[in-house]
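Here it is: the structure, laid out below.
Just so it is clear, A, B, C and D label the chains in written order, and each chain counts residues from 1 on its own.
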Amino acid sequence: MNKKTFPKGIHPPDKKELSKDFKTEFFPAPSTIVIPLHQHIGAPAEPLVNKKDRVLKGQKIGEAKGFISAPIHASVSGTVKSIEPHLTPSGKKIMSVIITNDGEDEIHPDIKPLKDDISSYSPEEVRTAVRDAGIVGLGGAAFPTSVKLSPPKEFPVDTVILNGAECEPYLTTDYRLMLEKTDELIIGAEILKETVGASKIYIGIEDNKEDLISLYAEKLKGRADFEVAPLKTKYPQGGEKMLVKAILGREVPTGGLPFHVGVLVQNVGTTYAVYETLKTGMPLIERGLTITGEGIKTPKNLSVRIGTMFKDIVEFSGGYAGNPGKLIMGGPMMGISQYTDNVPVIKATSGILVLPDEEIPHKKEYPCISCNSCVDHCPMNLVPTRIVKLAQNKLFEESKKWGLLDCIECGTCSYVCPANIPLVHWIRYGKNELMKLRKKSEK
Amino acid sequence: MKSRIYMVFVLTFVAVISSGLLAYFAVYTQPYIEKNKKKEIDKAIMEVIPGVKQSEPIVNESKFKIFKGLDEKGEIIGYAVYTIGTGFQDMITVMFGIDKDLKTLFSLKVLDQKETPGLGAKITDDTEFLRFWKNRNIEEGIRLAKHLKEMKELKINEVNAISGATISSRAVVKIINDALQKVKKEVK
Amino acid sequence: MASKENSYFSDFIKGLWKENPVLVQFLGMCPTLAVTNAVVNAIAMSAAVIFVLVASAIIISLIRKFIPAQVRIASFIVVIATFVTMADRYLAAFYPELSKALGPFIPLIVVNCIILGRMEAFASKNNVGRSILDALGMSFGFAIGLLLMSTFREILGNGTWLGYEVLGNWWDKWMVMILPPGAFLTLGTIVGVSKFLQTKFKKA
Amino acid sequence: MEKQYASDFKISSSPHLRGKESVPKIMYWVVGILMLPVASSIYFFGMNAVRILLISVIVSLLTEYIFLVSRKKDISLLFDGSAIITGILLALTLPPGLKSSYVVIGAFVSIALGKQVFGGLGYNMFNPALVGRAFLQASFPVAMTTWIPPVIQKMVDAKTFATPLGGFKFSHILTPYKNLLIGNTGGSLGETSAILLIVGGIILLIKKYIDWKIPTGILLTVFVLEGGLYLINPEKYANPLFHILAGGLLLGAFFMATDMVTSPITPKGTWIYAVGIGVLVVLIRVFGGLPEGVMYSILIMNAFVPLLNRYTRPKILGEGGKK
C-alpha cells in the first residue's frame, strides 16, 4: 500500500480503542435545548422567534447575516422559554434560543426535499440548499460549507478530498460514520464533486483504520473518479493543508485556502450532512459526536441534537468516572477545555472528552533551551519558538514575518516542547494582539 | 558674507597660532628624541657585542641595519644586526651581535615585540630564553632543539624553545637565519 | 545650587562620581580599555589627559566669544590637537619608555570624546574659572576610572602594582587580565559594581 | 427541575496532551552518556581526573546556587541538570595535571560569565563550559598547555608530553590510530578516547537529543578539507582520519557544538553553523599558530547563531504559492 503523508508532525497515543467499537447511538433530545445563534465562523445570526413562541423541529430560528454566515434551526419542537445569553463551549456568553422540548418532534411543514431524485440537483440548487440548511464544517472549524462550495471563477477546482483522517486522538465519530453510512457518503461526495465541477475524488483515511481502507477500496473498485488514499497515522494529518500536501503534493499558499490550488477538502461528517439535507430537506439540527476519555464511564458514539447540554450527554454515558480533571470540547490536541458541563452542543462539537486528573500533564515550565523540537515537528514548517519569543516581546509585526498568522494552532509544538512552554497559547495571544493593532490602525 | 569671512579668519588665526606653537615645540624636542633613539640602538649594540666601544652603520635601511662594532683602537670586533620579522601576532624587532668572521653569534636582544604575554613574550626575558642564545655557532644557521635540554646538552648550533611558546621561538630562529643570509651577502 | 560656592564645588565634584566619564558616561573608552594593563601607563595617560583637557578648556573658554558657531568644532579640534601633539612630543623626548608603551594612544587623545565633549558642553559656554574646575573634575574622574581599572588588571594579571610586587610568588598570574579581554571583564565588573552602589546610594 | 451541573473543571489552552520529554530528562540523559568519556578519563588519568571532575561539578553547582539565590529564582532550577553538564564538560576539556585552584576559577567563570550573567539557562550565547575553558586558556596559558601522559603509559621522560596534534604540528610525529581510538595518548581529560566518544555520540543521536546535522556537518567538512590537503601533499599534511580522531574534535562535535541553547534553531542555519565550525577547525589546525582550534571554532560560530537564526527562516508550507 502506498501510504501518503506530509513532512514532520507527531505521533501522540491515539486512544481510539476506547470508543471505536461502539455503534453510533441515537440520543433522544432532552427536555431543555439551548441553541446559540452564533456557532460558525462569520457573522452571528439574527433571532427570528420570540419568547413563548411555539417552534417546530427544523424551523429556522436564526437568519444568516452576510455572505460568510449560517442560519440556525430549531432541533426539537417545543416552546421558546427565553432568548438570553448563555455560556457556550467557545467560552463566551452568546445570545441563545432556549427551547423547552415538548417531546413530540413535530416537523415543520416546510421541511421536504427540493427534488425527489438526489442526483438531479443543479450546482446552484445544492449551494442554496446547503446554505439554507445552515451546514458548516463539522470537523471543528465550523466554516460555512456553502462558501466553500462557491470558489471564485478564476480558481477552477479539479479535485475533491473527502477528509476521513480523523487525526485527533480519542475521537471516533467520523470513523463510525464512514463505517455505517458508506453508500450515503459516496453519493454525497459525488454531489460535492458535481457542484464544484471537479473530476476526481480522493478519500483520505489514516492507516490505523485499515478496515475502512479495504472497505472503501472494495466498494469503489473500478471507479476511475474515486481513489482511496491511505495516509500514515500522524498528527495533524487531517489538517486541510496537510491533507492537500500529502495526497496531491500541492501546497496551499500562505494565507490561502485549498481552492487556490484547485482542491475542495470536505470532512466526512459535513458530506453526510449535505447528503441528508438534499435527501430529506431537514436542515443541520443533529450531528455525530464521540463522548470518550478515561474520565467517562461508558464512552459512546452518539447522534445528538444541536443544543443538547453536555451534562445530559455525560449522564447518558453513565456519568463521570474516577476524578475528572478536564472537560474538553473536541479532541485533546485542538479542543477547547470547559469550565463547566452546563454548555450546549454546537455545530462544531465533534466530541466531548473527559480526561481524569491523573492524565493531565503537570509539568514544570522551563526556559526555552532552543532544542528545536518544535521546529522539527511543525507541520507548517514554522519556527514556533521564535514566533513566540517575538510575540512575548510584543514584536507582533516581526513575529508575523516569521509566520505568526500561518500557524494552524494544531498544538504539535506545545506537545513536543520539553520545556513545557504553552507555545500555541502564546501564538493565539500574538494573533489576537496583532488583530487589535490592525483594528486600531484602521480607525 | 561678512560672517563667512570672519569664520575663515578665526579658523586661520587659530591654526596659525597652533602651528607656530607646535613648530617651536617640535624643534625644541627633536634633539632629545633623536638622542633617545640613538641611545637605544647604541645600548643594544653594547649589549650584543662584548667589549665594543663605538659603532658605525654599514647598512641603514628602515627594517634592516648592520653596524660595525669597533674597540677603543678602532679595530673591528664584530657586527651588530638590527632586523624586523614576523612573529606570532605582530612584528618582532631584534638586535644580535656576531663576530667579524661570521662564525659565532654573541648574544641576542629583542627590542620590540607584541607576542602573547606570559608565553611568547618570554623571548624578551633573559632568564627564560635568551640565555640559550649565548655564543652559538652560526656557520650553518641556528636550529631549535627537538626536546627541552639542559644548557650544556645543547649542540653548539642549537637553542631551546620556550615551552608553550614554540611558535614565537620558531619565529625568532627564522628571523635570525633570514638575517644571517642577508648579512653574509652584505659583509663579504 | 543655592550659592555660588556650591555651584563651583559641584562643577568640580560631578566629574568624579555622578558624571564620571568612564563609569557613567562611557566616554574615552578607547584608552580606558587599551592602556590600563599597567598602573604606570594609566598614570601617564591620565596625566596627559589632565594636561590636554585643562589647557584646552582654558583656551577655549577664553576665546569662546570670538569663535563663530559654524567652525567651533574645527577650532576645538585644532586647539586640542596642538596640546596633544605637545604632550606626545614631550613624552617621546623625556620618557621614551612610557611613550613606547602608550603607543598611538597619546595621539588618539585628540579624538577622545571626553575632551571634545567637555569643550562643547562646558568650556565653550562658561568662564575660565568654572571651565578649569570642570576640566579638572572630569579629568580626575577619568584618572580615577583608569587607576581603578589598571590597579585591578595589574594586580590580578601580573601580581604587581606600579611595578612593585604585591602578591608574591604564590599568585598565579591571570594573563587574561592584562590582555584585551581582561579590559572588558574589568570594565564590566567595575561598571556593574558602581551602578549597584549608585542605586543603593540613591535609595538610602 | 433543572439538573444540577458539574463545574470546576480545569481549563487551559490546547493541546491537552503533552509529550514525554522534559528539560531535566534530556539533561540527565546527557549526563548519563557523558559517563562514557568520564570513565575513560578516570581510567587513563586516575585520581587527577576524579579530582578535576569533582571540583568542577561541585563549583558549578555552587555558583549556580549563589546566582539563583541572589537573583531570587526558583531554587529547583539548580537540579535541571544543566549546571552538572557544564561542570562535567568543562572538566573533560581540561589538561589532566591542572591545579585545583584553576579548576575552581574555570567552573566559576563557566557558570557566572558563561551562563548566569546572560539570564541563566536558555539565554546564554556561548557554550558555558567553553567560556570557562577559554578564560583559563587566556589566563594561564602555560598550565593549560602542559600535558601529562596517561597513568598507564610509563614514559621515560615525562616532563612534557605532546598531544597527538601538537606532536604532529611541531615535530611531525603521527600517533598510532590504535592509541587514538582507545585513548592512550596525551590530551584533555575527555578527548582522548575516540571510540567512547563515538559510542556516546551515537546514543545521543538515536535518542535525538542532539541534532544530527551538527556532528555530520563538522566531521564531513573537516574530513573533506583535510582529505583535500592530504591528497595535495601527503608529506606535509596528516591523513584526514588522524584529524578526526585526534584532539578535541569528536568531543566538540558530539557534545559541545550540539549544545541546544547555543546552536541555531533553523535547519539551514544549523548546516551553516556546522560547516563553519569544520572550516575554522581546519584553518586553525593547519594554518594557525595553535595545534588545536575546536574550542575557538565553536565559540566563534556560537557568536553567529543569532544572526544565522535571523536570516535563515525556513520556507513556510505554501510560501511563495499564488493566491
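As a convention for this text, a residue touches a chain if its C-beta (ideal position, glycine included) is under 8 Å from a C-beta of that chain, and two chains touch if they have at least 3 such contacts.
All of these numbers come straight from a predicted model, not from anything done at the bench.
Overall, the chain located most centrally, as judged by its C-alpha mean against the mean of all protein C-alpha atoms, is D. Inter-chain contacts peak for the pair A-D. Centre-to-centre, using mean CA coordinates, subunit A is 85 Å away from subunit B. Separation between the centroids of subunit C and subunit D, computed from CA atoms only, is 42 Å. A straight line joining the Cα centres of subunit B and subunit D is 44 Å long. We define each chain's centre as the mean of its Cα atoms; on that basis subunit A and subunit C are separated by 71 Å.
In subunit B, the residues that reach two or more other chains under the touch definition are 116, 118-119.
Residues of subunit C in contact with at least two other chains: 173, 175, 179. In subunit A, no residue touches at least two other chains.
Shown here, the protein chains touch in an arrangement that is not a line, ring, star or fully connected set. Which chains touch which is summed up as A-D, B-C, B-D, C-D. Of all residues in subunit D, only 99, 101-102, 113, 135, 138-141, 143 touch subunit C in the complex they form. Taken in their complex, subunit C has these residues touching subunit D: 172-177, 179, 181-182, 185. Here subunit B touches subunit C in the complex through residues 3, 6-7, 10-11, 14-15, 18, 21-22, 25-26, 29, 32-33, 36, 40, 112, 116-119, going by the rule given at the top. Residue ranges of subunit C in contact with subunit B, taken from their complex: 63, 66-68, 70-71, 74-75, 78-79, 81-82, 85-86, 89-90, 92-94, 96, 100, 157, 173, 175, 178-179.
Remark: subunit D residues 141-142, 145-146, 157, 159-160, 170-171, 289 touch subunit B in the complex.
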